[in-house]
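Structure incoming, see below.
By letter and in written order, the chains are A, B, C and D; residue numbering begins at 1 in each of them.
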Amino acid sequence: MAFMEIKDLHLYYETTRGPLRAVEGFSLSFQEEGKTLGIIGESGSGKTSLSLAIMRSIPGNVSTYQGSILFEGRDLMRLSAAEFRKDIRWKKISMVFQGAMNSFNPVIQVGRQVVERLLSGDGISPRKAGREAESLLETVGLSRDVAYRYPHELSGGMKQRAPIAMALYLKPRLIVLDEPTSALDVSIQAQIMNLLKQLKWNLGISMILITHDIALASDICDYIAVIHGAKLMEYGPAENILINPQGPYTQKLLASIPRLHGDTRPQFLSGAPCDLVSPPPGCRFQSRCPSVFEPCREKEPPWLEVAPAHWTGCWLYAK
Amino acid sequence: MERHRLLSELKKSGPGKVGVVLFALLITVSIYVVFTYPPDFGPIRWSNPAVWADNPKAAPPAWIHLFSDTRPAEHQVFETTSPVHAPSGETHDLEYVFQIPFTHQADEPPTFLSFALARAVYHLRPPVVTVLLERPDGEEFTLYREILRGPRPGESPPYQRHFTEPLRVLLSAERRAVEAVAGFLKGLEDPVPPQEQWQRNLTAALFGSPASPEAFGVLSGDYNLVVRVMVNDPADSVEKVRAVVGGSVFGALGTDILGRDLAEGLLFGLPVALLIGLTASLINTLVGTSLGLVSGYLGGVADVIIQRAADIVSNIPLLPLLIFMVFILGPNLWIIILILVAFSWPGLTIMVRTMVLQLRSGSEVEAAQALGASRTRIIFRHIFPHTAPFVFAQLVFFTPSAILAEAGLSFLGLGDPSIPTWGQILEHGFRTGAVFLGYWWWVIPPGLLIVLTAITFMFLALGMEPVVNPRLRRARSWRLWR
Amino acid sequence: MVRGITMVLVLIAVQFLLVISLGITGLSDRMLEAVIGEELRALRPSLAETIRDPDELEYALRVRREELQTSYGLDRPWYHRLPEMVSRVFTLDLGEAHTLRSFTGSNRVADIVLERLPNTMLLLTTSLIFTAGIGIAVGVRLASKVGSLSDRIVSYFSAVSYAMPAWWVGILFILLFSFRFPIFPSGGMYGTPPPPAGLFRFLDLLHHAFLPIITLVLASAGPYIYVVRTMTLDVAQADHVTVARAKGLTEKVVSRRHILRVAAPPIVTGLVLGLAGSLGGSILVETVFNWQGMGRLYYEAVVGTPDEMVIVALTFMFTLIYVIARMILEVLYVILDPRVRYQ
Amino acid sequence: MNSENVLVKGESLKVYFFVRRGFFRSTAVKAVDGISFQLRRGETIALVGESGSGKTTLGRATLGLIKPVEGTVCFEGEDISTFMDHRIKEFRRKAQPIFQDPYSSINPYMTVFQLVEEPLIIHKRGDRKEREKLVIQTLEQVKLIPAAEFATKYPHTLSGGQRQRVCIGRAIVLEPEYIVADEPVSMIDASSRAEILYLLRELQERRNLSFLYITHDLASARHFSDRIAVMYLGTQVETGPSREVIEHPLHPYTRRLLQAVPEPDPRNRFHLRPVIPGDPPSAMDVPQGCPFQPRCPESLVDECTMIRPPLNEISKGHHVACYLQGKLPES
């Protein structure tokens, strides 16, 4: 049984022009526990919506939200809100949101917020909670006294670590990380990625890392899924995707990264991702694809296994 | 960009649409008033009791009979300049006879009966004026008989009487009318109501016959008021005669205790309210925005001074000071507007300054500076446009505050007496006890008009909210008292 | 710190504004002359009984006039006289009224003002508490269902309530509940004769206070609901609320701890700023309902027989109430918002 | 070095800001603390460093948008602080910035045409017709094609990349000689960043422009600049030819910075990345001696904590400010 399996997930937002398809027919199975799945996409490709869909943290203007998410044999989408809250939310799956500086309530001490889930409701003593918060913060490389500070008193790097401590609180089996290092300097980014790696190795936590930076994903991800225009373009083990990408979009994405060593000049993708309110028929990448041909403009590309466990949605590989 | 959004957003939202429609309505009516009313409406008409003398006092609007079973007495005014009979030159036929026929069809007697006579000229001796009422039942009452005032010492013929001020007589209160009724009743066989009772309500007796020993029944039908003027010289003349059969209801909105047509006064109040609101708001916006721009962009000492001043002024409780200042400086419309502005600018200044500070350190301004753009250009092309939608929204938002403020001051008796406003009409009503006498038509419509006008702007502001909100809600204009 | 200084400056500025306008326009002199004239007129008949000689009478009156002028300080220009008055006001020595008297007949301004103070505070605090309660309860609820029918209805209500002059609403209430359906008294604070002290007297007071309080609440609750709704909405859309929900906190905890708690400072600000409105509104509402409070007194002191001592004292009191409220706000801010604490 | 060819020259520049701390005290934030550099015509220098290293401030100082407290900026051999009225305007024409955020650096109320025309109006260039022609030409140069169609659009209808092109068009319409590009692509999607950088390079070649390219992206600095200057806490710690600095970094800070940059390699995930420990310190209290010394992973010599190391030339054009030269292992 796969660790997690997402089937035909849809998430549409309501807009004045019609539904905006942020996630459309997303299916993938995340086989092994303790591994990290990277989801790569440009801005406006629907990657943040995907993370919210997995967490069932959908905003009010959503018009369509369907599909199924199988996790430990249970379909998360079929659970009632109360069941999901009681069994899954933060206990099995937790999340680190984009924009860490805004993840904390500005008027409550950081430590309280880290252990808040049990403080309110299931009830643990404030003293014990304080100790737990201190030790969690220590786990992510922060000093114990951070627990008694307010969010505005933390520096950028500290603010990035604290939400990770919060996500670890109930020892979840899966953490969804939405751009955990965006807007950070490379040096801090490397620190955070090291922290995540250690958590992965030491605690065996599975992670879904959502980012626009494929190079960053290579730092931790065992599997990589590439999305473009709300659709999954390619999915496979990191080795295949990074070294031997099959879909033209993935190839272009990799080529657009300027390499530190070697004289290969970066290439670029001109144009913008397609409009998600009225997407063209056929492949979502057609207008930017260098190897576009007839079928791409007519029908949706097939989902093909081009190598073991390496799937891609492209007409080029259809027989 | 946001300018266009502002308009499209206005059209989209419900309150916005209502606001636009109401605003168009207010403007149309105001234009009508401005073009049809005399410019000095206040002194020459509204505050001139002579204009309203013929109207019933404190009469409810005419349309209330739609809601009751009884038919109210209609208010009728007649005027004639052509006598049915004039002196022909023969010495024994020296008499003018004016006839005013009218119909009374109602379930109650008229509230009063009055007549007026104007522009009389005589040469020898003063004429004798007699007024008779001919009733449908053939009875005839002599209501009035007087001689016009004789020559004053030093005056020489022809003597002119009642040229500036007509002779006005409330017939239903005349001694002679009482006598006439008493005479009429004495001739009846049936028991009649006692004099103490009908004397207080003479019109009931004049326009009715005793229906029971307690009360009079209304006598409907055609009446005729005859005015005879006996003169001594064929050259003597009387130009105009007027009669008023007082009704119990009047016009679209009734009258006040002085008989003023409330509809007329209330209509005049509309352009005044808009003038107060928009002018005060415009000046306030102008002052507030300029100070904010100066304070934010120039910084330094100017900034410190403006900020301190804004801090202080914005913490002064407005109304007590407003009352005090108007009391000291006198109730003049412009003074009221200026004082309003003097205490209200800080809200906008603080808001604009905050925005300017943000913009000033932003890259758009820096880019413009790097291009060598002048300070004026930066302020007007790169800073002001960003603040414009908010400033505009403030303009709309402040307008009702100013209207309400003026209304409040007027209600305390501090309104500009030369310009009637809704607040003053309300004040007059409250002071003369309209509330306790149940004169609702005097109290509800002016308030409703204030609300309607204020709400027009509120709806406009509400419609703009989606565009303006994030920053507008931090502005403090709503603290204005009501 | 800076705030505190500003508040004191406000007090001073208002007083000086008052004094300078009283002085420059010559109003102060005129008012005092009128008072002296009044006293002399009252004196004349009694003097005339003892002093028969008209010349001597005039002389005696002249002497008395000069005495009075000196005692009122009219022999000195206003810029000497009035600042003294202000400084006395600051030490809460409010002096004596020229024409107004307290209910007990005292002419000390402090007596006059202080016996009115509780009456005004009764109206203000009660309506403030109701406004706060209604505003927060309704505003927060609405913020959770923006765009719903009830949200739209209340938004319209807020706009209408902002656009309605409170005093006019008061008049309508009188028309409706005192005249058409005589349920409540139309004005005053106690019935005539006032019931004996004790429970009945208190109930009578409540009966009389009902309409004025409802009027004030109706006028201020509408806009306040809207402010609370907007402020709450603003916070409700913040990222940390999404995070709190994602953490699996119950909706109650989310709205109490993560929305209301964060929105509290601006919500409290809104309330205190609204007080400024009620303060002004109370003058009008007290006038309408003939409520013997400071507002009514102010109206009488300005519009009736002008009494500068009372005007100055009352303006000072109004400003003082507001300034105290602002100070409390500052303290609350420090408690409510840790970001302010560390600035 | 041929001094005639030098367009912009900074000499021991220092830019301090003063921040109120408490009621009376104020502290100097040493954003730029003694930097000298020379930018030749047609050359691109990449200014690299973490946020807070002062690179943006240095860029603004070279444009005369901030006054240095010490040192001078010379443009074509003349001290820009001595420029008065019309000279400053001439300088403004020749030296232009491009900012990081294409969303906030242009006026949303103006059309693309008005935006690109504005510099011409400020500098009173030509009449209406001529300006129109110039604007269209410029739009074509920045590849906003069809130009006539883009000209009528408002910025909010454009994508991030297109907006940034409008900014570039605004900057080049006056035919400047010197451009400070402050993180011009960091707000743009990774996949289209190269496109903008190629555009800048093309303009440079066509017009012999000089660029100060401010970035935190070392890889793009390598490909799009001739020289790299690495900044740390307001000082220059290393400078040299781009390839040289990337392939043979000398300063411990540069080395660690380079190691922190991930390259898309699936093997990355099996080992930890060497990192610079701790947060970057604040420019409010710069440590004594070498500013990097508290975070420096290498063994310290005494001088490190005492005196700031000077910038020494190690090989041709490659300078480094570190006492440990020769004592460090080859990277």
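Throughout what follows, contacts are C-beta pairs under 8 Å (C-beta built on N, C-alpha and C of every residue); 3 or more make two chains touch, one makes a residue touch a chain.
No experiment lies behind these values; they were computed from the predicted model shown.
Taking the mean of each chain's C-alpha atoms as its centre, the chain lying closest to the overall protein C-alpha centroid is C.
Between the chains B-C lie more C-beta contact pairs than between any other two chains.
Between subunit A and subunit D, the centres computed from C-alpha atoms are 32 Å apart. As a whole-number value, the distance joining the C-alpha centres of subunit B and subunit D reads 70 Å.
Mean C-alpha position of subunit A lies 69 Å from that of subunit B. Residue numbers of subunit C whose C-beta contacts span two or more other chains: none are found.
The residues of subunit B never reach two or more other chains; the list is empty.
The set of subunit A residues that touch two or more partner chains is empty. Viewed as a network of touching protein chains, the structure reduces to one closed ring of chains, two contacts apiece. Listed by chain label, the pairs that touch are A-C, A-D, B-C, B-D.
Every residue of subunit D that touches subunit B in the complex is listed here, in rising order: 60, 63, 65, 88-89, 92-93, 95-97, 99-101, 104-110, 118-119, 122-123, 154-156, 167, 170, 174. Across the complex, subunit D is touched by residues 1-3, 362-364, 366-374, 377, 381-382, 385-386 of subunit B. Contacts from subunit A toward subunit C in the complex involve residues 55, 57, 85, 89-91, 94-95, 97, 99, 102-108, 116-117, 120-121, 150, 152-153, 163, 166. Listing the residues of subunit C that touch subunit A in their complex gives 238-240, 242-250, 253, 257-258, 261-262, 336-339, 342. Taken in their complex, subunit C has these residues touching subunit B: 6-7, 9-10, 13-14, 17-18, 21-22, 25, 27, 152, 155-156, 159-160, 162-168, 171-172, 174-175, 179-180, 186, 219, 223, 227, 230-231, 234, 273-274, 276-281, 283-284, 287-288, 298-299, 302-303, 306, 311, 314-315, 318-319, 321-323, 326.
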